[in-house]
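Per-chain residue numbering starts at 1, and chain names A, B, C and D are given in the order in which the chains are listed.
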Amino acid sequence: MDITAFFLQTRTHTKNLCKPLEIEDYVVQPIVDVSPPKWHLGHTTWFFEEFILKKHLIDYTVFDPNFSYIFNSYYESIGKRVVRADRGNLSRPSVNKVYEYREFVTLHMEALLNNNPSKEIVQLTEIGIHHEKQHQELLLTDIKYILGNNPLLPIYDASFKEHSTEDHKQEWLSLPEGIYEIGHLGEEFCYDNELGRHKVYLSPYSISNKLVTNQEYLEFINDGGYERFDLWHSEGWEWIKTNKIESPLHWHQINGEWHHYTLGGLNKLEREHPVTHISYFEAFAFAQWKGCRLPTEFEWEIAAPKFKWGARWEWTESAYLPYPQYKKADGALGEYNGKFMVNQKVLRGSSVATPNYHARITYRNFFQTNLRWQYTGIRLAQ
Amino acid sequence: MDITAFFLQTRTHTKNLCKPLEIEDYVVQPIVDVSPPKWHLGHTTWFFEEFILKKHLIDYTVFDPNFSYIFNSYYESIGKRVVRADRGNLSRPSVNKVYEYREFVTLHMEALLNNNPSKEIVQLTEIGIHHEKQHQELLLTDIKYILGNNPLLPIYDASFKEHSTEDHKQEWLSLPEGIYEIGHLGEEFCYDNELGRHKVYLSPYSISNKLVTNQEYLEFINDGGYERFDLWHSEGWEWIKTNKIESPLHWHQINGEWHHYTLGGLNKLEREHPVTHISYFEAFAFAQWKGCRLPTEFEWEIAAPKFKWGARWEWTESAYLPYPQYKKADGALGEYNGKFMVNQKVLRGSSVATPNYHARITYRNFFQTNLRWQYTGIRLAQ
Amino acid sequence: MDITAFFLQTRTHTKNLCKPLEIEDYVVQPIVDVSPPKWHLGHTTWFFEEFILKKHLIDYTVFDPNFSYIFNSYYESIGKRVVRADRGNLSRPSVNKVYEYREFVTLHMEALLNNNPSKEIVQLTEIGIHHEKQHQELLLTDIKYILGNNPLLPIYDASFKEHSTEDHKQEWLSLPEGIYEIGHLGEEFCYDNELGRHKVYLSPYSISNKLVTNQEYLEFINDGGYERFDLWHSEGWEWIKTNKIESPLHWHQINGEWHHYTLGGLNKLEREHPVTHISYFEAFAFAQWKGCRLPTEFEWEIAAPKFKWGARWEWTESAYLPYPQYKKADGALGEYNGKFMVNQKVLRGSSVATPNYHARITYRNFFQTNLRWQYTGIRLAQ
Amino acid sequence: MDITAFFLQTRTHTKNLCKPLEIEDYVVQPIVDVSPPKWHLGHTTWFFEEFILKKHLIDYTVFDPNFSYIFNSYYESIGKRVVRADRGNLSRPSVNKVYEYREFVTLHMEALLNNNPSKEIVQLTEIGIHHEKQHQELLLTDIKYILGNNPLLPIYDASFKEHSTEDHKQEWLSLPEGIYEIGHLGEEFCYDNELGRHKVYLSPYSISNKLVTNQEYLEFINDGGYERFDLWHSEGWEWIKTNKIESPLHWHQINGEWHHYTLGGLNKLEREHPVTHISYFEAFAFAQWKGCRLPTEFEWEIAAPKFKWGARWEWTESAYLPYPQYKKADGALGEYNGKFMVNQKVLRGSSVATPNYHARITYRNFFQTNLRWQYTGIRLAQ
C-alpha cells in the first residue's frame, strides 16, 4: 500500500476505535499498566511530531510545547515526562483539544508525505504507523479494563466478537530435531528485535494445533489448580496469594455460574472459546497441571505455519532476550525495544485486538509475567 | 428562608460552581483526599435520595440501584461502597447521567417539600442542604487541586478572588481569665458536634486581630523555617522531609520569583494576602518561629466577635474531641461527625470557598494535621 | 534519697531487669516500636555521657565516639543517629561491650556526683535517672514483645506477676462540677509537661473505682464488639480490619480456650485481672459498647486520690497537648516532650512495669492511638 | 571420599566459618535476602533431620518439634514456616541450643551412615551435604553483609583474602559456530537443573580470558555510567534511581578516596582485583558501556576450560530456564530448583566464598537481577 494511504488509514482506524466512548472514558487510569485512551491518542500523535515533523518538516511549529512533556511515554532521551502512574490525573488537555492535535499533525504529515519524501522519512513513518498499531491494540485492551473495572460493566460495542472458536479436534504436531533459522527475512517492515536471522538447534518436540479452551481451564480451577503450590513458580504462588487471584481476569461468578466480561458485554462463559486474560504464571501452572509445558518462542516460530493462530497472544517459555546480532538503534528510537529485554516473557502470535497488517510470524511481543489485561492465551507443547 | 427555596437555591449553586469545568475535569482524582466533581454531584444527591426520598416519599423508586454503591461515601451502615481511592477510576455513570440523577432527585424533593412536609422531613432536608454546602466548599478546593496539579495550570474563573486583604494594622486583643460558655445556642441549624453548650475555664490570653500574611510566611521560609527541626513536631518534621515540603501548596518558584496558583490563574505571590494552603504542622512551626502559639478553639470562639474573619479556615491547637454532653445521632446519620473525633485538629472560621449561610461562630471544622488542600490559614495567640 | 545512691540504685535495677535474658534476646527488634534491650542499656548510658559527663566532667573522654551515633534516639540537635527501624540490625557493639560502656559511665558519674556537684549537675542527673526509669518500663514491655512474638513463647521470669486483681466491688464515684487545679505542685521531680499548674472547669461526672476486667472485655468480644463499626472511630475501624485485630495483644486462643502470654509464661486467661495490651481505639470502642466513655486526663487527676491505681496505664479521652504555660526547655533536652504533642493520647496512672519512684498523680504518659505493647488498661467514666 | 567423612568434614567446616562471630552476629537480619547465621546452622541441620532421619532412622525422635516450623525455608509441602523476613526477629532458640541441635543430628546421621546405609540414604546425604555447602557460601556473604552494614565495620577475619588478582593480560578467546553439548555428564553429584545433556547451536563468539577489574569499573563510574540511561535496562534504571545506587555494594568513598569493605576489614580499593558485589543490571550496563555484552551460559560452559575461573560468580545474559528434558523431582525435594525458574539470571563459575568440592563447569547458580550481596563479577563477550 502507498505510505500516505497506509498512514491515513491507520490514523482513521484509531479514531474509529474510540467512537463508542463517552468523553469520560478517555480520561481514567484504573491501574498503572492501563493508559487513558486520551493519552494513547496524544502519544501516537506526539511520536510523529517528535521524530518526524520537528526534524523533517521545514518551519514546522509544534502544536503545543507542553505536549511533549505530557505525551512522551518513556523516552528518557527526550526529556521530562509525566510519570506513568499520573496519566489518569490529567483532565487537560481536553479530549477535543487532543483531537485537534491529531488533526494538526495528520495534516502536516500528509503534506510531508505527499511532497516526495526521503527514504528516511518513509521509514520513520512506517515505524510511526506500526507504533500506532501497537497502541491500537493497547487502546482496546485498556478500554476493556476501564469498562470492565466499572461496577456498571458498560458495553463497548455489542457486536464485538472476542471469540474465534477453534472447532477442529486437538492434535499434537510433531517436529524433528535439527538446526532451524529464526528471525525476520525479507524487506517488509519489522521491529529491530526480530532482526538478525540466525540458527537455533531444537530437540524433537510436539506442539498442540489448538489453544486451551475455557472449558479446560475451568477443569484446572475445579481441580484446585489455584491451591496446589507444586504447580506454580515460587513467585507466581506469592502473586496469586497476595492478590487473591482465583480465576482469569474479567471472569465473574454470579449465582454460582461463571460469566466473562467482553467488549460485547457480560456473557455466560463460553466453554469452547480459547481462554484469555491469564498471566504467564497461570499459563505455566496450567501446563504443569496438564503434564505439558509451554513452547519456546523458537519452537513456536517453526511450527506456526502448521496451525491457525491469531485469536490470542500465546505465552511462551522464552525469556525476552536479544537475538545474537541484536543492535539497538541510535538515539531515542533505540529505546524502543532493547531496554525491556529483562524479566519479561515473549508472547507470539496475535489476538482479536491486533489491527490489520500488524501480525507476523516473527513478531515478538513481551510482557511481565504477572500481567493479564491483554488477550493472552495458552498453547501447549511437550 | 423558605425550606423549598433554600433547597433549590443550594442545588442550583452547586451546578453553577461546575459551570467553568470541562467534562474531563469532573472525572479525575489526583490524590485520595480529593474527590472527582462528578462524585460530589452524585453524592450530595444520593444523600437526599437515601435519607429522605426512600423513606418519606410514597412509591419513590430509586433512579438507579447501583448509585447507592457508587455515591455512598463512608456510611458503613448503608452497605458496600466504592473505596475512596477508586472514585477517580470510574468513567461511568457519565456526567450527563449524573446531572439527570440530580434533576430527578431535585424534582422529587421539591414535590415532597411542597406537600406539607413533616417536621422530620424539614429537619432532614436542612441537614441535606448543609451537607451539600459542605461539599460545595470541597468541590471548589478539589477543583483547585485538580487544575493546580495539571502541568497546564488551567484557569477556573479569571474573576475568582481568593484574597481578602486585611488592611488594618495587626494588634493583639487581650481577654481576661474566667469561665466562658462554649457551643451552639438558639434554634438555628447546627451540627451535632457544636451542641451541648458548656462552661470552660480560660486563662488570660491575647489573640491577633489579623491573619498571618504571605509576606510573613515568606520571612519564615527565608529564615530557614523548613530546616530547623526545633520548630516542628517530630511527626511534622518527618512529614516535611519525606514529602520534600518547602513551601505552601500551590506555590511555584519561577525564575527565582514566588508565584501562587489561584482559581483565577497563576499570579505573582501577593504579599499582603493571608497565607493559605498550609498544614497544621506548618501553622504550628510558624507560630513557634514567631514565639507565639495557635489559639485553642475555645479562645477563638470567645474572641471571634472582636475581629473579622472569613478568609481562611484557621488552624487551632485544639484536638477534635467531643463536647462533654456529646451524643451521636442514631443510625447512619450518627456517622456524620463522631467517628472522626480522633487524631484531627479543629479549624474555626470559614474561607473564601465557604458558601453563604454556612459560617457560624460555633462551627467546628476538622482535618488531619498534614492536609493542605483547603483554604487554611494562621491566626496567632499568646 | 541521696542523689548518688538514687543513681546507683537505678543503674543496678536496669541490669537486674536483664538478668533473665539470653545474649540473643538483647539484639532483636521485631517491630519498630520495640527497641532491642541492648539499645536501652546503651541509650540510657549515652544520655548521662552526652548531657552530663561531656560538659561537666573535666578531661572526660567518651568511651567510644561511634556510640553517640548508635545510641542517640531522636535528639536531632545532637547529630546523626541510626534510624529507629534499624536498631535491630546491629549486632555490634556486643552486649559485653555495652555493659563495659555502662560500667565506665557509671563510675565516672559516681565520681562526679561524689565531688560536690553543682545544682545543675544534680538536676540533670535527676532527669537522667527518671529517663532511665522510663526506659526500665519500656525494657520490660519490649522484652515481653520480643519473647511473646517468638513461637517458642519463652518464660522471662516464672515468678513475675502481671496481675493485681482488684477484688473490691465496682462503684461509680461522683464528682461535682467546678474549677479545679491541674498540674504539678511542689519541689519534687517532674517532667516539663506536668508543669504550669492551672485551672480547668469540669462538668459533673462519675468515674469507676475499678479497672475493666478480662471477663468484661471478653463479653465485648463475644458480643461482636470487633464487628460493629458503630462502636469505632473511622480510623480505628480501618486499623482493626487492616491488621485483623480481634483480641488484645498477647491473647491466644488454643483449642477454643483463651490464654494470655505474660512475663511469667503462657497461662489461661484470668478473668478477674484487669484487661491489658489494648489500644486507645479498643478502649474507646469498649466504652461505647458499655454506654460509657473514657475520662479526660483532668477528670482522672482530680478523682485519682479516691481510687487505687497502678496496675495499668489508663487511656484517657484527652489528646496530648501542652498545658497553658508550657515552655520547651532550651537545647536538646527541649526535645524531650514537646515535639510529641500531636496525634497522641494521654495515659494516666502507672503499671505493673513502672519502677519505684516513678509514678505521680500528675504524670502524663502518651502514646499513639494504635499502640498496644504497653500495659494499657481501661477505666470508665460517665 | 567416603560419605561419612565427607559429611563430617562438611559439618565441621560450617562451624569453623562461624568461629570469628560474636553470639550477637548470629541473630540479625538487616535485609530480607540475608539470613541470620543461626538460621543457616539450624536450617542445614533440619534438612538432614527432615529428609533423612525422620524417614530412615528407626525410632528417631526429633530434637524439638518446633524446629521444623522455625528452620524450614520454603518447602511448602512440609507445612507452616516462619516468614523469611521474620528470621531476624527470633532470639530463641539460642545459639547454644542450635549447636546442640547440630550435634544431635550429626551424631544420629553418623550412626546411620556407619550402619551400612542404603543407596537412597547415601544419595539423600549427598544432596544434604551439597545443600549445606551452598549455605556455607551464603553464610559467608550474609556475615559480610551483617558486618559491612554495621557502622563499626567490624573485621571478620583479618587474614581472609577476597582477591585473586588475575595478573595475566586480557585477551579475547574466539570460538567457532557449531552445535555443542551442554549439561552434566558422568556419575558425579550434580543438581537436577544441570541434567539432561543436550545440544545447542552457538554462533561464533569471543569471550574474555579475564574478569573486569575494579579499575575498569571505576572508569565506568567516572565516565558517568550511573547517569547514562541509554546504558541501562528500563527496570535497572528505575532500580538505581530509586535506591540511589552509584557504586558497587560495600564500596565507601572516604575523604574522596574509594575503599571497599572486605571480610578482612576496610581497605583502600585495590584496582587490579576483579570487581564484585554488582547486580546483573550493573554488569549489563558496564558491558554496554564497553561496547560488549555478557556471555550466555552456554557460551560460558563451552569456553570455560580455556580460562581460569573461581574468583567471582559471573553474571550471564541467560535467563534461568529449565533445560529441554528437565523434570522436577517428586515431593518436597522437587521444590529445590524448578520453582525459581522465572525472572532470574544464571551465574556461572564460583567465588572466593565457594567451599571445596562445590564448583563444577556445569553448575547453574541463579539470582534476581538486582541482588548484589554475593561475590558477583563480570566477564565480557562479543
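The rule is short, and it goes like this: a contact is a pair of C-beta atoms (placed from the backbone, for glycine too) under 8 Å apart; a residue touches a chain by one contact, two chains touch by 3 or more.
Just so it is clear, the structure is predicted and the values come from calculations on it, not from any experiment.
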Completion exercise
Neighbours of chain D that also touch chain A are none
Exercise for the section: Determine the shortest chain-contact distance, in steps, between chain B and chain D. Expected result: 2
Handout entry: Averaged-CA centre spacing for the pair chain C and chain A, given as whole angstrom
Key = 57
Problem - Centre-of-Cα separation between chain B and chain A, whole angstrom - result: 45
Exercise for the section: Take the average of all CA coordinates in chain B, do the same for chain C, and state the distance between these two points in whole angstrom. Expected result: 37
Completion exercise
In their shared complex, chain C is touched by residues of chain B numbered 74, 76-77, 177, 179, 198-201, 203, 229-230, 232-237, 280-281, 284, 293, 317-319, 321-322, 324-325, 334-335, 339-343, 369
Problem - chain B to chain A touching residues, read off their complex - result: 22-30, 38, 66, 69-70, 82, 86, 88-95, 146-147, 149-152, 154
